[in-house]
Amino acid sequence: MTEPDHISPGLARGFCAVIRRDIVLAWKRPGDVVNPLFFFAMVSSLFPLAIGPGADELALTGPGVVWVAALLAALLSLNSLFLSDFEDGSLDQLLLSPQPLPLLALGKALAHWLISGLPLVVVSPLVAISFQMPAQTINVMLITLTFGTLSLSLLGSIGAALTVGLHRGAALLSLLILPLAMPILIFGARTVALAAADDAVSAGIYFLAAYCMLALTFAPFATAAALRISNE
Amino acid sequence: MWKFIHKLASPPHFYRFSAKIIPWFAGVGSILVIYGTYAGLFLAPSDYQQGDAFRIIYVHVPAAYLSMMAYSIMAVSAAIGLIWRIKLSHAVAAAAAPLGAWFTFLALVTGSVWGKPMWGTWWEWGDPRLTSELLMLFLYIGYMALRAAIDDTVKADKASAVLALVGAVNVPIIHFSVEWWSSLHQGPTIIREGGPAMPVEMLYPLLAMILGFTFIFGALLLGRVRTEVLFRERRARWVRELVLTGAGPG
Amino acid sequence: MTELLSGNDLCLFRGDRCLFKSINFALNPGELLLIEGPNGSGKTSLLRGIAGLLDFEHGDIMWNEQRSSFNQQGFRGDVVWLSHKIGFKADLNLVENLRLEASLRETYEDRLPAVLQRLDLLALTELPVRALSAGQQRRIALARMLLAKARIWMMDEPFTNLDKAGQALVADLLAEHLDHGGACIVASHQPLDIDGRTRRISLS
């Protein structure tokens, strides 16, 4: 037996395989995808019930409600990001694979976004319409939610990696991630509110896009480091 | 210099060295705080707008400053611990977090006490500084919760170090976003930018308080690191000798 | 002859308990390293440390005359790992699981039919892994080892949950791997000897 002449299959292949595997797994367990969406819809319908049905109040609270509900729904699904990999030993295999771990971590985070973030963006107009949001505002909301949920998946993957294998990791994950996610919430919700008031929205959108790029660049490395530590 | 730092990073040396400097830190800090308190309460004139209520800045400003300072110390020592695997710096990070959280809490309480006569409410969401401090407190709570959740000290050190670094990248972004957010609906702020310059009778006590708080913070931090080091090294020979001989630090 | 893998002065703490210290070993192609010891003696930790899954307090693992941490990707490409957590997704079947494996590391994909035949898995390829028994799951995990283009097999308790025939199969596969110039590190509380090519580390 000779030493293997090349180290691993192409980087893109491993990266895509991780994404594909998580999507196939989600396909086989649709509940994991659908439950956060129902959660999102239910949390957003709590607010009209709690605040009152007045159209003015709803239009005022709408952007904030949609964003808070999206944040909570993302947190709900983040807890399981690495949990099953940790439990069945796949995480060991990922850590021991010759592929660079940050790339695999990026794949996991992107898969999480495709499974939970993107569907949430797609159903969010339904909630927005129930809050009397005009079409122009809904467009802005879709853009901000797209960047925002992607950033949340990346940021959340760090928290999920830090808490994997800990008891009561779910509550801890929220404690770790919520303060870090505040900028996303602030800019996301306020930008939609600005759009509703016919104000300039480009600053907020640029900020969210920049934040998303920052997260894309750095979060995979932090997630990889956290995974190595948690799996010791 | 490098050799000195290297020597200091060894727990027994640190333990002995810190015993010598803590009294100095505590002494200098106390003198400055006593002077600052006296001068702040009696020598400084009343503010022409806020009356005597402004005097709470002598606690509020140092506390707010130290809440940031403690986070920086925590993040920097976490990075050093992670990169160069120096155990002492993990102990520093562990010791700095509760202190930082406490000063953040103090800044929040004094800020809201100050707000009552100024705004008429205990809490004003429109003020970006208070809101930032609140988020800072949440960051500290997350850090301490993660540490508490992991039993193995080494693992807790490394995991919380990653969190501290991620947090350190986020702190400026959080501040910026809170500033932006509050600028949207002109909330009342206490400190006006470009406002009237502070007369020196007001300024000197404030500087003394900031410096004094810092020294006392340093003494508290070193003291906490000492207990942290003792606990972590409880199986080491030098700790056993220390306990058996009953010799005081030194 | 150059050593394939060696460890110098390895020491590991768990919490503040010293699991082991001053562990040295050297492993040549064609040799098996058996890590023995009672439960809780740190067998698994030593194995995980050698693989790079956890950090030793001090000590180095040398692979191909360089520290394994210097060329992590090369080292990991040369190692394949088996433990009681088999690392296959329970909702996917064997072929789907192996496909991911082939995307992560170099494998002998052309050998798949022969390997399935050898491990007597042909009837099980279409079933999701969760439908298999514990023993069958251990068996399919062996497929990963046989397909990987890795010289070093690391196995944690490879005989657990296997019947007599399964245990004999594992022993045969180990011997064949050594014959082909591979090397194995096995942590096990069961005795194992492959005709004089076995080195031992005993932990207490």
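Letters A, B and C mark the chains as written, and numbering starts fresh at 1 in each.
Rule of thumb we're sticking to: a residue touches a chain if its C-beta (ideal position, glycine included) is under 8 Å from a C-beta of that chain, and two chains touch if they have at least 3 such contacts.
Given the structure is predicted, the values throughout are model-derived calculations rather than measurements.
*Asks:* So which has more C-beta pairs touching, A-B or B-C?
*Replies:* Answer to which pair has more contacts is A-B.
*Asks:* As a test of understanding: of all chains, whose mean C-alpha position lies farthest from that of subunit B?
*Replies:* If we average the C-alpha coordinates per chain, C ends up farthest from subunit B.
*Asks:* If you average the Cα atoms of subunit A and of subunit C to get two centres, how far apart are those centres in Å?
*Replies:* One centre to the other, that is 35 Å.
*Asks:* With chain centres defined as C-alpha means, what is the inter-centre distance between subunit B and subunit C in Å?
*Replies:* 48
*Asks:* Provide the C-alpha centroid distance between subunit A and subunit B, rounded to the nearest whole angstrom.
*Replies:* Centres of subunit A and subunit B (C-alpha means) sit 32 Å apart.
*Asks:* Please output the residue numbers of subunit C that touch at least 2 other chains, ranges allowed.
*Replies:* none
*Asks:* Hey, what residues on subunit B touch two or more of the other chains?
*Replies:* Residues 152 of subunit B each touch two or more of the other chains.
*Asks:* Give the residues of subunit A touching no fewer than two other chains, as numbers and ranges.
*Replies:* Residue numbers touching two or more other chains: 232.
*Asks:* Going by the contact rule at the top, pick out the subunit A residues touching subunit B in the complex.
*Replies:* 158, 162-163, 166-169, 172, 175-180, 182-183, 186-187, 190, 194, 203, 207, 211, 214, 218, 222, 225-226, 229-230, 232
*Asks:* Okay, in this complex, where on subunit C does subunit A touch?
*Replies:* Touching subunit A: residues 29, 48, 51-55, 64, 73-74, 76-81, 83-92, 96, 99-106, 149-151, 180-182 of subunit C.
*Asks:* Show which residues of subunit B lie in contact with subunit C when the two form their complex.
*Replies:* Going by the criterion above, the answer is residues 151-154, 232, 234-235.
*Asks:* Note which residues of subunit C are touching subunit B in the complex, please.
*Replies:* Touching subunit B: residues 13-16 of subunit C.
*Asks:* Please output the residues of subunit B touching subunit A within their complex, sorted ascending.
*Replies:* 82, 135, 138-139, 141-142, 145-146, 149-150, 152, 155, 158-159, 162-163, 165-167, 169-170, 173-174, 176-178, 180-181, 184
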